[in-house]
Every structure is written in C-alpha cells, then in structure tokens.
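Below are the structure tokens for one structure; questions will follow.
Chain naming follows the written order as A, B, C and D, and within any one chain the residues start at number 1.
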Amino acid sequence: MKTDFKHSTTLRVRYGETDQMGYSYYGNYAQYFEVGRVEALRELGMSYKSLEDRGVMLPVSHFEVNYKAPALYDDALEITTHVSELKGPRLIFYYEITVNERLIATASTTLVFVAKETMRPIAPPEDFIQLLENHAK
Amino acid sequence: MKTDFKHSTTLRVRYGETDQMGYSYYGNYAQYFEVGRVEALRELGMSYKSLEDRGVMLPVSHFEVNYKAPALYDDALEITTHVSELKGPRLIFYYEITVNERLIATASTTLVFVAKETMRPIAPPEDFIQLLENHAK
Amino acid sequence: MKTDFKHSTTLRVRYGETDQMGYSYYGNYAQYFEVGRVEALRELGMSYKSLEDRGVMLPVSHFEVNYKAPALYDDALEITTHVSELKGPRLIFYYEITVNERLIATASTTLVFVAKETMRPIAPPEDFIQLLENHAK
Amino acid sequence: MKTDFKHSTTLRVRYGETDQMGYSYYGNYAQYFEVGRVEALRELGMSYKSLEDRGVMLPVSHFEVNYKAPALYDDALEITTHVSELKGPRLIFYYEITVNERLIATASTTLVFVAKETMRPIAPPEDFIQLLENHAK
C-alpha cells in the first residue's frame, strides 16, 4: 500500500554535530531522519514508543542519503518525511531536508516490523495498517 | 580508474553506541565506515589529515548501507574497506562489516575532492592518483 | 558578576540516544546542556553563532554532572539553564533537567572566552557584559 | 577499599568527533572514559558485558572532567584509567588523557552497582570484590 502521508518538523543543528569542515557531520543525518519519522508516526496517530511497549520493533534494514549542500551550525533544518509505502513487513520512508528552502539532502529508509521476543519479521499491527489506509493513494 | 585496494581494521562496539533494542544504533555505521576509509587511506600512503593540511577536503555526497544483522555491545567489528574507483573528482568506497565472519552490513560512499578555500570540486592531488595507480585493475 | 538569568527549553530524548539499559546514555547530557546554554544566550540577546562570527569562541574548561534518575526514550526534557557568573574570561552555567517535574540531573559548566586567532583567553565582548549587567544580582 | 589498579588504552580521535573549532567536542569525552574503564575492567579480569549478562548494571551517578588542552583530529589519545575505590555499591574511577605526553584532560566518574531487575543499588558481586582485593592498597 502506498500513501501520500507527509509531515514536516524543524530541528536546529547542534554545535556538537558540526565537524572541523564546519558542516554537520554526515553521520548525524541518520538521527535527523529518525526524528522526522518518529514525529511523522506521532502525527499519523501511532507513537513509536507505544509500538515498542506492545512488543513491536522497527529496525532499519536499508538507509540511503544524498548530500546536496552542507548544513551549518544553528541552521534550522526543515525535515519533511513521507511515509511512502507498506510492503509486507517493510515500511518505506522518503525524506527531504531544506534550510530556508535550499535543498540540503534527500534520503530513504526501509524499516522492518519485528517481534521483540523473536527478533523476526511480523505483519504490522492492524491498527497501524488502518491508520495508513486513511492516507492510501 | 578502478582499483583492487582493500584494507581491514577492527573496532569494538562502544556501550554508548547501543540503543534500547540492544543493537548498535543504525546511525553509528557512518562513523564505522569513516574509520574504515581513514585507515585504508593511511595504509595506501595518504593520511586524510595530510590532505586537509594541504587544503583538500573530502565531503561525502552519497551514502548507502544495508543492515544484514545487528552488531551488539562489545562486538569486535571487522571493517573491510575497498577503495573502489576514482571518477573525476569523485572517490567511491565499498565496505563490509563482519563479526566472527557473520555479515553485519554492506555499504558504499561517494566522496568528492573539494578545495577548502572555495568548497568547489577539484581534481585529486597528483600524488594521490599515483598511489591509486599502484593498485589499478 | 553574578546574575539571576535563567531560561528553560524542552528537548525530546532521541532513540539513538538510548543505550541498552534503556537510559539516555550519560554522554548525551553534554549535548543537552549545550542546547540549554545556546538557547539561554539567544534569549539573553547574544547568539553563540554571532560570537563565533566575531572571532570569539567559548570552549568548555570544566564540566560536572550529577545523574539523579534516568531519562528514557521520548521523554520531554525540561532543561533550565542559569547563566550564573562571569569571572574574568570565565562564564559559569548551572543546569537542571526535569521530566514531568521529576529531577533527572543537575550540572555545571565553566566556559572560557578565547580569541579564535590565538586560542588564548580574552575579556568578554563589551556588549555581552552589558547584556549580563541587565540581570546582575 | 582503595586500589592502585591502573590501565592504559589508546584511541584515535575520529573525524566525526571534531567540531567546528577543530577540537574533539567536549561531549565525546564521556565515551573516551567509558572505553578506558571497560578496557581497565577487562584487564582486571571482569568484562562489563559479563556483568550485564549476570543481571548487574553500572550506571554513572557522577561525572566530572577538566579540559586542559584540545584533542585534535587523528590524535592518538592515551587514556589511563585508575580503578580507584569501592565504597558500598559505588565504584570510583579516575582518568587522565594525554597526547604525546601532553595533558589533555583529567576526570572522575562514580558508578553504582544496580540490579537489572529492580534498578536498585546492590552489593558488588563477590568475584569482582576479590579481583579488586588483589590490587588493594
């Protein structure tokens, strides 16, 4: 199932995130996208925390990012997250980061629903599927 | 130019790198691969530090990783870095992480030679090209 | 000069900040307090970024923290920063983190005004002293 | 019980650990000291991992660091850890970081033995006490 659900959140680049080039280090973006998808899921009606409390985890199986322009200290990152597709146990997100409408990065992640007990892939919870269906395209 | 230059280095997963799943957080891998390529370049005969001292920087333009199995606290990661290809100002690396021969992740990064002054792409330094040519395939 | 200037800001614990105890890793707090003091300085009327743009840096010379109770994933941290005292080139901050009024940590940092060029201690900028004087006690 | 057990380990400053001052960010030191004490405990004969596997955890209750000189990218940090004192459920460590015999930082941490199940302080395991007694002073 594909969806058109998108959500934006804002985050400032921390001093500790810069490197000696003066850029936000390329490794920080994984955290930025995590914040983006956590806030997107919260807006959708399903906090990631509540999923874990029910024994469901969502580890990342694939991560890909294109760095277009550097993000600098104190920049206000606008992170737009698109909850793009549910495909069996896999949930695919697309992301875009801009600063004052300048494109900083695009990215995608694939997450997999797994049971905490067994660490094996499982079907997504029914109520999560229903939340997504409200935004199916 | 394609090369067959590969180098392996070992790194332990730090406690602060685990998350509440008990996995090394997916965002840490960018640092693991950075350590891999820095040590590969050092072995090749060109420290990344010496490049920066000469006004050359190597920001990452593309990063892609496939997570195959979790890395756990105190695991000794074997990071194998393949300095794969030089293509104009772009330098392409492939990586593999194993723990006791179990595959943990594969990845690739594209870095771009830029001048510190202008932050614009430049040709790689001549001596770097020569080092690579020793391993051309 | 001692001041009574205090400022509060809120920050959520990120997933990548948890460790396998399920706590926010003790090393993250340095970033939390950095966010606290950056926002406190901004509220005071002096962004840290503008200081650096004028060639002034504020490295940390002393950092001390008491961990009272764990901060957990997705907790909304209330960080209260007290810009406590200016003593020659040194600026002293006190911090308190609470979650729903439960005390999580107290801390202090000492920062030193240094010139970017020389990396040596300097007197604080005049306009910064004046901003503090508005809150002297 | 006080001990004279000390252990040294070496760690390189990673690129991602630098900030735009060109220093290793002050928040990274918590990880450096963690590596120092984990390796000290391993040398003593007790891996931290084996403690957790037995249901014992060691969260940090106090952390204090004095930054004497900056650590720079690619610096080889010599971290000396002194397992200083066991005081009820509390274990106190002192640390010193040098680079080429130049003092970079001194620090101390207090950790508390807690049961994983209850998250409450407990007496240290008997075999750990015996390991320490071999180095009592």
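Some notes on this structure:
We take it that a contact is a pair of C-beta atoms (placed from the backbone, for glycine too) under 8 Å apart; a residue touches a chain by one contact, two chains touch by 3 or more.
These numbers come from a predicted model, not from an experiment.
Taking the definition of touch as given, a chain qualifies here only if it contacts chain A and chain B alike; those chains are C, D. Distances between chain centres, each the mean of the C-alpha atoms, put B farthest from chain C.
Between the two copies, chain A and chain D, the C-alpha superposition involves a rotation of 180 degrees in steps of 5.
Inter-chain spacing, taken between the CA centroids of chain B and chain C, is 34 Å. Averaged C-alpha coordinates put the centre of chain A at 29 Å from the centre of chain C.
Counting only residues that touch two or more partner chains, chain B has 15-16, 20-21, 25-27, 30-31, 34, 52, 73.
Considering their complex, residues 12, 14-16, 30-31, 34-35, 38, 47-49, 52, 73-74 of chain C touch chain A. Interface residues of chain D, counted against chain A in their complex, comprise 15-16, 18-22, 25-27, 73. Of all residues in chain C, those touching chain D in their complex are 20-21, 23, 25-31, 34, 52, 57, 59-67, 70, 119.
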